[in-house]
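Input: structures, listed below.
Same chain, two partners: subunit A is paired with subunit B first, then with subunit C.
Let's look at the complex of A and B:
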């Protein structure tokens, strides 16, 4: 999983680097366009993902402590936060698109849609990973699992790491796109 | 016997990459790609000035693309070992990988047509050039599915490890990095155009890395094959 995480970080580093590079060539345009972004939505999303990561951390601890039932609950809560993020994104995109702002409106918006879009894809994939973790925990809780405790923990930690990556990427994204002047 | 032919087939991977690079870069000078923003006159001039080299380069690219087939086949044979018998992921990889060969041959063919009568109306040459590049870089679906199949098969395999787990994550990463290619339809300049960072250069690097890694890993696992496990 670390191979994927490092690789993904590299890719996003490239994205962020490209954004910063092109921004330096026309800062006025970028700042002006940035002003149209809904920072409220961005902040809510940040809180949602941070909360979901907190739940995931708890779930990992529960798994280590063999409290699989509690792990299940925490994962569900994390999933709800993730769903909330996706919902907010839906409203945010809708707000932009109905104002006529699309992928090709200008360079800033290209990066905005591209970066948040690819991140959103990661969130969706992350939700899939969380569901997988939920099933893992559930099997453990019902004592249906034949896997060793160590392997369950290992899988759990891998999945959790991916979700934390998704969260971390959003923090950078939020700072870079929404806040950085 | 089986292992020896498999080893031979793994060589088809690097052979394809080497020949394709010679044709694409050294002969046809397609690296860096011509800008999608270039005028018809500029593009026509490219085909008129480099006609012979483009023809040679494209011929080479077209011919060596078929070498991908045995490479895909070797991967399929090893995936069969991962799945226990020829399973769904094996077939997915085989079909997606095979269809992917088309997206290597067809662009070369289209560019050949452009170079066939370079005295044509420049707008027609532009059209053929566009067709070639879009055919070459936009269809990311089959490559994504192919790499996903390999990645999932590796990560989900429960028996003896045919390919290492990190290779599973690596294939997933490769799959994700081909996706931005689809965005070239919206842009004529910038990092998402067909000569851009995320549509051309990143997939190019990833492409090389994938062939290199798979070549080494396949050879390692084939060498470890005993007659008993090969019969599975």
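Let's look at the complex of A and C:
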């Protein structure tokens, strides 16, 4: 999992670098285009992902403490935050597309759709990982689990790390796409 | 196998370190949002941008150390993530600043 996460970090470092490099070539275009983004949507999504990460941290601690029922609840709350993120993104994309702003409108929007789209794919994959963790915790809570406690903890730690990666990448994306002046 | 500890002691403290970190991250988000969409530093948007990037860097560091639990990870792994966050933040600020130098009239 760590190898995959480090690979992802390198890929996003290149994306961030390319975005800021090309922004520096034509700041006026990027500033003008950025002004059409809804920064409130970006802030709400940041809060949703941070909160989901907090629930996942709690779920890992619950799993170590053999509180599988609580871990299940926290994973469901994290999933709801993830679903909220996707819903906000849907409204945001709809707002842009209905205003005629698409991937080909200009360089800023190309980066906006590409970076947020790749990140959204990470959110969807992360939610799949969270559903897997919820099933594991539920099996443990119902005493149906065939996996050892150490193995369940290991799965939780790996899955949680991926979800935190998704959260962390959004922190930089929010700053770069929505807030940089 | 269920723990033999009494029920009350099996529950985590209501406010633990990660909860404080989460609250700090939310406050930092509100602060950076205000800097980015509000007045920021008035007639010095470049200062607001640097502040926003530094806040993002600190937030990422908290996520790495407290949420991903890298504070307790082997040093090479922790250093890899610390270096990534510092390099990304530093490179973004440097590239942004180079753009300001070339196109100061755009601000």
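Methods note: the second predicted complex is superposed on the first by the 181 of 181 C-alpha atoms of A that agree within 3 Å, B and C clash if a C-alpha of one lies under 4 Å from a C-alpha of the other, contacts with A are read in each partner's own complex, and residues count from 1 in each chain.
Methods note: a contact is a pair of C-beta atoms (placed from the backbone, for glycine too) under 8 Å apart; a residue touches a chain by one contact, two chains touch by 3 or more.
Please read these numbers as outputs of a predicted model, since none were measured by experiment.
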item: Subunit C versus subunit B on the shared subunit A, clash or fit after superposition; value: fit
item: Which superposed partner A:8 touches (first subunit B, second subunit C, both, neither); value: first
item: Partner chain(s) touched by A:134 [first = subunit B, second = subunit C, both, neither]; value: neither
item: First (subunit B), second (subunit C), both or neither touched by A:58; value: second
item: Partner chain(s) touched by A:93 [first = subunit B, second = subunit C, both, neither]; value: neither
item: Greater residue coverage of subunit A in the superposed arrangement, subunit B or subunit C; value: C
item: Touching partner for A:181 - first (subunit B), second (subunit C), both, neither; value: second
item: Which superposed partner A:172 touches (first subunit B, second subunit C, both, neither); value: second
item: Touching partner for A:149 - first (subunit B), second (subunit C), both, neither; value: second
item: First, second, both or neither for A:110, with subunit B first and subunit C second; value: first
item: Minimal inter-chain CA distance - subunit C and subunit B, angstrom; value: 15
item: Subunit B and subunit C contact sites that coincide on subunit A, given as residue numbers; value: 2
item: Contact set on subunit C toward subunit A in their complex; value: 1-3, 10-12, 16, 18-19, 22, 25-26, 29-30, 32-33, 35-37, 40, 45-46, 48-49, 52-53, 55-56, 59-60, 63-64, 66-69, 77, 80-81, 84, 87-88, 91-92, 95-96, 98-100, 102-103, 106-107
item: Touching residues on subunit B, where the partner in the complex is subunit A; value: 166, 169-170, 172-173, 176-177, 180, 183, 186-187, 190-192, 197-198, 202
item: Residues of subunit A that touch subunit C when the two form their complex; value: 2, 6, 9, 13, 16-17, 20-21, 23-28, 31, 39-40, 42-43, 46-47, 50-51, 53-54, 56-58, 61-62, 65-67, 70, 149, 157, 160-161, 164-165, 167-168, 171-172, 174-176, 178-181
item: Residues on subunit A engaged by subunit B in the complex (per definition of touch); value: 1-4, 7-8, 11, 14-15, 18, 22, 103-104, 107, 110, 114, 118
